[in-house]
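Both complexes shown next keep subunit A, but they swap its partner, so subunit B is in the first and subunit C is in the second.
This part shows the complex of A and B:
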């Protein structure tokens, strides 16, 4: 395992921790962002080691980072709006959160 | 002819831009532009229908041979999906003209709607996984915003939940994609298919990631938690597009393209698909049975019906694939019809609680009759379209030796009749509550799409041999490229 793979895996784990276990909406958003960065790192790593061609994977990772940022921006807006208008900041307060 | 492919992406994109720039002040102008945009998209899709259904393959490329170039390709499977997107979005845009008056900023709504159509067309036309991913992301972003469109607490909560789960799904897709490139050295569907399915063993981890991503996007049980919220809270034309078109394009279409490459029938992954499909059918149907909200019931029904499509794909024989594609088209038609009907009822009566409605057949005859046609179709009454597709899937499952799957399909069909009887009886039959005595039929622009969709349900039911021969069989051949 390269250093990049280890670092990316750590980022993914921290991100998943944020998404799954945190209650605060903004912390969940931060978790998603970390997850996106970790996945991008992993993609670059996979390309470097096994195919011997880095630029394609780097390109894919770049697209992933851009896509991830766009989603995170929208998520932040949604979370801020939920807090400002409806005073919801904790996922447990979400009335509709039922399977 | 190949120039039509970029046009299919740029027409909705430009329509979105034009509406954003020019129609902010005038709702009427935005109505006209959005409907013109979706109509032109449908026209473009029809213009390539002949050659594509004949087995021809069109492709268009910008940026040379690099795997990161923008390369679009279309075959008979893409054609079928293009038609589903175009018909579905045209119906939704016509319906929106009256329905969306209840919301503010209609022009922005149309911009998001056209961006969603753009994204879905990119998914369908993308010649490799990267292009497909870009389309998924564009469509998903527009879709998150559309779910939150009402800005009430429910809208924002549903959208936030959808955004988190949708993004985790996207991350799985990207991760799977990156690892797959590492192993296979290519991301193009054609090259992957030509590389043969023998690589399956080495592709186990990427395949698992891709499957999780697609399952989150297509809301298979147990990844369905976001769907009932998102699909029931969104404005009705958006619900119709989400349930009828969107989840098929971003979830199932990717699965179809990769079916014979990584999820080869007969292998481990196809068994997983079979089990997930069966569980989706039963869990979706049983959960629908206990719902009291019209749109929530329809949302759970979507999970169940998607299970049938997945079951057909997992069985993987040509007959089963025909059944799966046919059921996908049928579900697009009757689910849009149902969501339009539910939207009309909600708009005219102010509620979508089944317990507070009843006897609306006398007050809203068009909505009542079209909804009854949808009921016959979804519950599989001959000669409606839903009967043939479910029958084909069940027969194909028995033929392939998956008797258990066929039994699950048959039980699901019975439960479907059960919850839709509750829906029809609670909303359109029985006694009319005093409070609803003054309810009137919805405006023409809302019931016209319902009539067209209901007519399509009957027409496909009667002309199914023709439909299977001209559109579905070429599509199945295109899907089985790598087999």
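This part shows the complex of A and C:
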């Protein structure tokens, strides 16, 4: 097992920790970003060849990073709008969104 | 080549933990920025320049956005860090179990690891595997139904 794979897995776990256990919506968003970076790292690790990293692997990892960032940007804007409307950033208190 | 990249990404993961744990949102922003930039550096070292450039571009977009968001929400994170109820503890345990499974699987599928022939469907291990998948699917359905049921509260 390469150190790149281990480190990427750790990034994924840190991101998951943020998504699953944090209650602040912005911290959850940070967790999603870290998760996307970790997934990209694992994809890069899977494509390591003697001459560097396979182009297909780089492309897929790039999509993971950029797509993750787009999702994160959207989530951030939604979180801010929610805060401005309801003055709540704790996910446990967002009862009005249900239904 | 592999070890320096791993170390850089490990530091990036540590910066991620710092970003999640800090109460001051400005420090969180700095830490997550450091995590993304370190990831980009790691990708450049690993000769995956496309991914490194992508991460830097993503940082250039996401970090100013977070800066603005943190400024609007306030300088400090007042939300309690952990949910100490049963559900929170269960989530923590599930995360730890997932971490263990992830590293066990990584050890088996890593390049250079001996190839292990997969148990065919219908065998004892295969049956257990299918049972676990069905249980996971049922748990997901139960969780969704539980959430939907709260609409009337």
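Keep this in mind: the second predicted complex is superposed on the first by the 90 of 99 C-alpha atoms of A that agree within 3 Å, B and C clash if a C-alpha of one lies under 4 Å from a C-alpha of the other, contacts with A are read in each partner's own complex, and residues count from 1 in each chain.
We adopt the following convention: contacts are C-beta pairs under 8 Å (C-beta built on N, C-alpha and C of every residue); 3 or more make two chains touch, one makes a residue touch a chain.
Since the structure is predicted, the reported quantities are computational estimates derived from the model, not experimental observations.
After superposition on the shared chain, subunit A has more residues touched by C, the comparison being subunit B against subunit C.
Of the two partner chains, both subunit B and subunit C are touched by A:40. After overlaying the two complexes on the shared chain, residue contacts for A:79 are found with subunit B and with subunit C alike. After overlaying the two complexes on the shared chain, residue contacts for A:59 are found with subunit B and with subunit C alike. Applying the stated contact rule after C-alpha superposition, one finds that A:24 touches subunit C and leaves subunit B untouched. Looking at the shared chain after the overlay, A:32 reaches subunit B, while subunit C stays out of its contact range. Overlap of the subunit B and subunit C interfaces on subunit A comprises residues 40, 44, 53, 57, 59, 61, 68, 79, 95, 99.
For subunit A in complex with subunit C, the residues that touch the partner chain are 1-18, 20-24, 26-27, 29-31, 33-34, 37-38, 40-41, 44, 48, 52-53, 55, 57-59, 61-62, 65-66, 68-69, 72-73, 76-77, 79-80, 83-84, 89-90, 92, 95, 98-99.
Taken in their complex, subunit A has these residues touching subunit B: 19, 25, 28, 32, 35-36, 39-40, 42-44, 46-47, 49-51, 53, 56-57, 59-61, 63-64, 67-68, 70-71, 74-75, 78-79, 81-82, 85-86, 88, 94-97, 99.
Listing the residues of subunit B that touch subunit A in their complex gives 66-68, 130, 133-134, 137, 140-141, 144-145, 148, 151, 153-154, 156-161, 163-164, 166-168, 170-171, 174-175, 177-179, 181-183, 185, 224-225, 228-229, 233. Considering their complex, residues 2-3, 5-10, 12-13, 16-17, 19-20, 25, 28, 32, 35-36, 39, 42-43, 46-51, 54-55, 57-58, 61-62, 65-66, 68-70, 72-73, 77, 79-83, 88, 91-92, 94-95, 98-99, 102-103, 106-107, 110-111, 113, 147, 150-153 of subunit C touch subunit A.
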